[in-house]
Amino acid sequence: MDPLALDTAIRSFLREDIGFGDLTTEAIFPPDQAGEAAFVAKDTFLAAGLEVAARVFQLRNADVSVLKLAPDGTRAAPGDVLLEVVGPVADLLQAERVALNLAQRLCGIATLTDRFVERVRPLPVRIVDTRKTTPGLRVLEKYAVRAGGGHNHRFGLADGILIKDNHIAACGSIAEAVRRVRARAPHTLKVEVEAATLAQVEECLGCQVEIIMLDNMTPAAMREAVALVAGRALVEASGGITLANVREAAEAGVDLISVGALTHSAPACDISMRLG
Amino acid sequence: MDPLALDTAIRSFLREDIGFGDLTTEAIFPPDQAGEAAFVAKDTFLAAGLEVAARVFQLRNADVSVLKLAPDGTRAAPGDVLLEVVGPVADLLQAERVALNLAQRLCGIATLTDRFVERVRPLPVRIVDTRKTTPGLRVLEKYAVRAGGGHNHRFGLADGILIKDNHIAACGSIAEAVRRVRARAPHTLKVEVEAATLAQVEECLGCQVEIIMLDNMTPAAMREAVALVAGRALVEASGGITLANVREAAEAGVDLISVGALTHSAPACDISMRLG
Amino acid sequence: MDPLALDTAIRSFLREDIGFGDLTTEAIFPPDQAGEAAFVAKDTFLAAGLEVAARVFQLRNADVSVLKLAPDGTRAAPGDVLLEVVGPVADLLQAERVALNLAQRLCGIATLTDRFVERVRPLPVRIVDTRKTTPGLRVLEKYAVRAGGGHNHRFGLADGILIKDNHIAACGSIAEAVRRVRARAPHTLKVEVEAATLAQVEECLGCQVEIIMLDNMTPAAMREAVALVAGRALVEASGGITLANVREAAEAGVDLISVGALTHSAPACDISMRLG
Amino acid sequence: MDPLALDTAIRSFLREDIGFGDLTTEAIFPPDQAGEAAFVAKDTFLAAGLEVAARVFQLRNADVSVLKLAPDGTRAAPGDVLLEVVGPVADLLQAERVALNLAQRLCGIATLTDRFVERVRPLPVRIVDTRKTTPGLRVLEKYAVRAGGGHNHRFGLADGILIKDNHIAACGSIAEAVRRVRARAPHTLKVEVEAATLAQVEECLGCQVEIIMLDNMTPAAMREAVALVAGRALVEASGGITLANVREAAEAGVDLISVGALTHSAPACDISMRLG
Amino acid sequence: MDPLALDTAIRSFLREDIGFGDLTTEAIFPPDQAGEAAFVAKDTFLAAGLEVAARVFQLRNADVSVLKLAPDGTRAAPGDVLLEVVGPVADLLQAERVALNLAQRLCGIATLTDRFVERVRPLPVRIVDTRKTTPGLRVLEKYAVRAGGGHNHRFGLADGILIKDNHIAACGSIAEAVRRVRARAPHTLKVEVEAATLAQVEECLGCQVEIIMLDNMTPAAMREAVALVAGRALVEASGGITLANVREAAEAGVDLISVGALTHSAPACDISMRLG
Amino acid sequence: MDPLALDTAIRSFLREDIGFGDLTTEAIFPPDQAGEAAFVAKDTFLAAGLEVAARVFQLRNADVSVLKLAPDGTRAAPGDVLLEVVGPVADLLQAERVALNLAQRLCGIATLTDRFVERVRPLPVRIVDTRKTTPGLRVLEKYAVRAGGGHNHRFGLADGILIKDNHIAACGSIAEAVRRVRARAPHTLKVEVEAATLAQVEECLGCQVEIIMLDNMTPAAMREAVALVAGRALVEASGGITLANVREAAEAGVDLISVGALTHSAPACDISMRLG
């Protein structure tokens, strides 16, 4: 994670929560009273992003020290301590909510990703994320996907080519769309094209598309597409993938399965902070 | 919603997704080709925040016009058109993902809130949110809670007093904690105290606390607490509230029920953009 | 004071004064020549905000150390040293003006507040500030009011309810205005209503308003209002309060007296920096 | 005034006051209800900066129109209307406080400056400001000084040379300090040196200093200094100048009189907003 | 070009040049005096980025209109008018320098790129840029490269894989470096590896590297490398390419030639502004 | 150099290059592997700004230490080590390009300035820069000019008066333009006027202009102008000055020669980073 951007984001999150001051804590704790805080798992999940939570405390007050930090990928059970920090109690309390909100979300994403990854094991397929992330949190959420064993698709519109139905319609054909994009885009990027039918898959192969995204195809159609491609391009399954049907997609032989729910609908994991 | 802060946030969301440019769309669409885009519901849900989505398009290009916009609280069914905008196609495509990510999340929160509100109808109780919001999106998420028929708790640490167990422990007693806070805080804020036992509820009443938060109490304990308070303070139930048990809490007679899941675990609603 | 917001503000103040560099000092002092600077009172006043001044020096150069710092509330006499810092002379000189400008202003506010507070002692009334603060400095100025023995009113429009004449006129009645606000605002906030007449005070009581602001009333009218309220709401005197008439208002029995002049018209205290 | 910087500042002032929303007004006024607001003088003063106040309203909502705007330098009497704007009532109310806070302060500075300028009329001397401005508001406050008939000294440390006692002490002599500064500073800036004695004035003349600042001299000493300089440099009186003694300083024949109080201690003028 | 990022950058450039105001122009021109300005070529070059220059004027004052704008790729001769704008004279003068500085630089880059492109015509090779751009101007400079007929390499470290000598050394072999990167990077990116010898080229082919960068090879070595690769990867020549030797590199059969000088050493084109 | 502004700029440059992360380096180097990096000159030039390059590394990771740093003005030869830093290898690689881009540019400007300065030695004339700097880098580029032995002209529009042909035309005469500017501008600034003819030079002298800029005059005309001025004002030569003709201008007796090419067209110096 890029530390500069992360710090800027965390500072704005703290400002959002603390505003012009924590009226309750400021009235009760002197600024120099020290204490210790622990993040305790209240549930079973895959931990990710505790380093980010630790950073929240340290940006609130540089005097906070981290005593313990569960590495990404730790399988947490209720009662497990995932993070321990010491520092001024007032600052620990004032950073608590932002740190928890981030940790619970990132653990939630890693845990859901892990469940998808488990479901397709040991097939040679990658579970990948999408751009359906929380606005403002994309770097962190894509990080959590990797922590859960998934892989990242392009970050945004600037670092990957994805020619979709609207682009194709505007050009009249896949071939023309690919031609226009290749004329302008850096040579360092593969060209990915969305295909809704086997005919479109064939058209993609005709112009050496490097990645073909099968849009909302049935497992049977995916299987046919994979056979047709025969290794000449990467094949990505996309649309409507759930824990219930991901295995079937994987068995169809695709190389990649993208799942928007990893980031847009993962429930938060339950973690609480204990002050000692 | 404060328009200045909203615009700043949306601009940063667009930058996150678009980066230094949309390689695909820029290669295919001339900047002045106009088109029309519609947000179509793919599911049944309570709409909220379409105005925010519309603003995303207009901040991408001030030439985008809004033709139709479903008001907050609209009950959407699959196929319903919630938003229609016209403008340069390239800009519509470049703003699409951010606009959808926001709309899906806000609709998700409003829809979940609405389900809680339905569950307690017509009891005289408010479903309220918490600070367990997505970092960076609190204003919008609290807005969606209201759109779903819920109410807002304090926005952050600066606009409400909430004395919790750690504060009480540091002071030795609820009375001392309340005294310290009242000596410093603006007179415009009510004092809320977290109570884990009936004894603590009684202690709160002894110092004229205006709101008592019952922390993780059983419905039976809540009922006793409500009887004890007898209208002398607002009573808020908090902790572990789900769709399954919210009715029971409401029937215990509390005035407020706070539900963190409204904002930290609402699944996104399914909306897609159709280009015409 | 929230350290993150304070640092951001101080950095922008330094940029305002220093611009692209201090031509005079850069030409004369080598960057590593160390020295000591002291803030010396040139007048009699109540000190406040020296910590903020110290922070200015440290944000200019993290190598500056604070040797001495007069706590808020110190009664300063001419010649008293309020702050002592050591560090690179060039940085001490470059931070001098911003640090002094802030310290002089905050001491000025604390001193004026203190005079109001003295004037009403020992009556059970709070001197409170208003939103008539210097744009950009509200957090600091409200801090100085507390340092001077005053109390804070709401910080801004988002953390307090204040129904004024225009709101009432738009609703047709105080009751309707209160109803609308209660339906939307968080339950954590008391409702305050501006009343210009005894009839309006009565109307406020009829709808359980928690705070009644008496707008520009004479002491006699205040007295009547206080009698009418009889403890059922907090009573705030507002408008036209000066050092000359504040005692009279206090003796009328109000709970709060708000004074805009505390922040909009306090003259700066005289402090100078001595380089040793 | 640089419009870009002004807009950025005003936006941050609005955020400071409005935070995440105006709870009272949002609950009462629909966003599209239009109205008219007028700034009415409650006192006698010299108007300045109404254009800035008008800009506050327009940045809150671009739909606000300005009907009337008193030009800088207008002499206002109680009841005079200085500014009239029309637009959504909610926005008028939400921008009111920031607009008033700015207008009252700028009018205050212009009015105090005007009093100093009147006091020295028709002597050929300029009343100039200092760097003792409110952090964050320097551009505006120096603008108000000009509106009041005063002139600006250097803006900050980067656009003017001012060699003070500490600089001289570090160099061993005025001559050496001037030499070092001339070797580095742009040729476009005059060199100003602070002189506390006539001997120092003489030393300044010896090295062709363009401006000599007489630091805290008595009128008699000023007179001697002016005679000594005999037009070979501009002479500035500085330190301890008040309305009571400014005439005497002017009569001593100095070219410039700098007055810190113009910006650090001008009381706010009384203006109120009337909603029609 | 992403309009949001561009506007933010231009605003900061204007602030850099104008600071707290243009003392000369403000003293001379009334803010509402209108005029017309034209950018006139003083030399022969390839125009690019006039749209950016036009935007500078419009961000200074939204009332500026563009009458004429030479499209990117226009071949300009001395006396040609490249841009015509009308609006307040004061604003035209205050935006002049920033607009010219940008236009002269972008034209310079486009012109130099064009010369390289001409030199290799009609060979099937792309002239591509590098990350050796001016800090803060990368988007604009890469835009100018495209306007000059060149192509873009990766934008930065996040949107392209480039395994260099240090990476290889740290991994022990090209194969291991490629393996580690493929395990983590998005599938949408091609892998590029720097090769200094034919042996390394062979090693790259062994692990299906998609792009091989020949680092500082002689034309003879390039020719051998191209023969060895035989179409199994894109081949990029890099290091020490000048106008004098680019043709030789192109004739060696490489697919891409990257030239740092396009952005780090292109001399500015001569353009002046004529006020009418 | 103002450290606050510099840090802000460097952070944005790092963000520009690194984006959401360095895919290659993150995949290969563990974050805690330490190493050493050296900047090695590949050419002969005058070094400047290595301190800025060092700061880039330290802002990327505060754990980077600087072992060696060539002071500004060092004459570098191929193979010379100009900067040595130690710290995490990943951070050294991620900061490399921004640090090099800055160092190469600043060395380029210092080297070109040095060549101009050498050319006029030992005549009593200053080589000065202009506002033709790279947008966003003015502070640094003007710093490099000084490091190369040149001097700075005004920084921007706010810290210097320069009355040009358009200003004069608008006023009808130089005298009127000077009068208007003197009435408004701070007394701390000299007035500079652009003169295209000897008649204009004479007009300037008639109103005590402090600096006269000879616009695009021939050496012969400059000589006449200098004789005419006879020490009553500083004389600046401007327009079309190159290494080939600068000596002639200097010999004409002007005090200042301004050269836009110093900053707009200096080629980058060749420096590379060696990882040890």
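Order as written gives the chain letters A, B, C, D, E and F; numbering starts at 1 within each chain.
Here is the rule we go by: a residue touches a chain if its C-beta (ideal position, glycine included) is under 8 Å from a C-beta of that chain, and two chains touch if they have at least 3 such contacts.
Just so we're clear, the structure is a prediction, and the values are computed from it rather than from any experiment.
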item: Counterpart interface for B-C, drawn from D-E, A-E or E-F and sharing over half of its contact pairs; value: A-E
item: Gap in Å, rounded to a whole number, between the CA centres of chain F and chain B; value: 52
item: Chain D and chain F: spacing of chain centres that average the CA atoms, whole Å; value: 32
item: Intercentroid distance (Cα basis), chain E paired with chain B, Å; value: 45
item: Multi-chain contact sites of chain A, meaning residues that touch two or more partners; value: 18-21, 138, 155, 158-161, 184, 186, 189
item: Arrangement of touching chains [line / ring / star / complete / other]; value: other
item: Chain pairs in mutual contact under the definition given at the outset; value: A-B, A-C, A-E, A-F, B-C, B-D, B-E, C-D, C-F, D-E, D-F, E-F
item: Contact footprint of chain A on chain E as seen in their complex; value: 126, 128, 146, 151-155, 158-161, 184, 186-190, 192, 211, 234, 255-256
item: Partner chain E, residues of chain F touching it in the complex; value: 9, 12-13, 16-29, 33, 89, 93-94, 97-98, 100-102, 104-105, 108, 131-138, 155-164, 166-167, 170-171, 177, 180-181, 183-186, 189, 261, 264-265, 267-268, 275
item: Residues of chain F that touch chain C when the two form their complex; value: 1-5, 138-139, 142, 155, 159
item: Contact set on chain D toward chain B in their complex; value: 11, 14-15, 18-21, 59-61
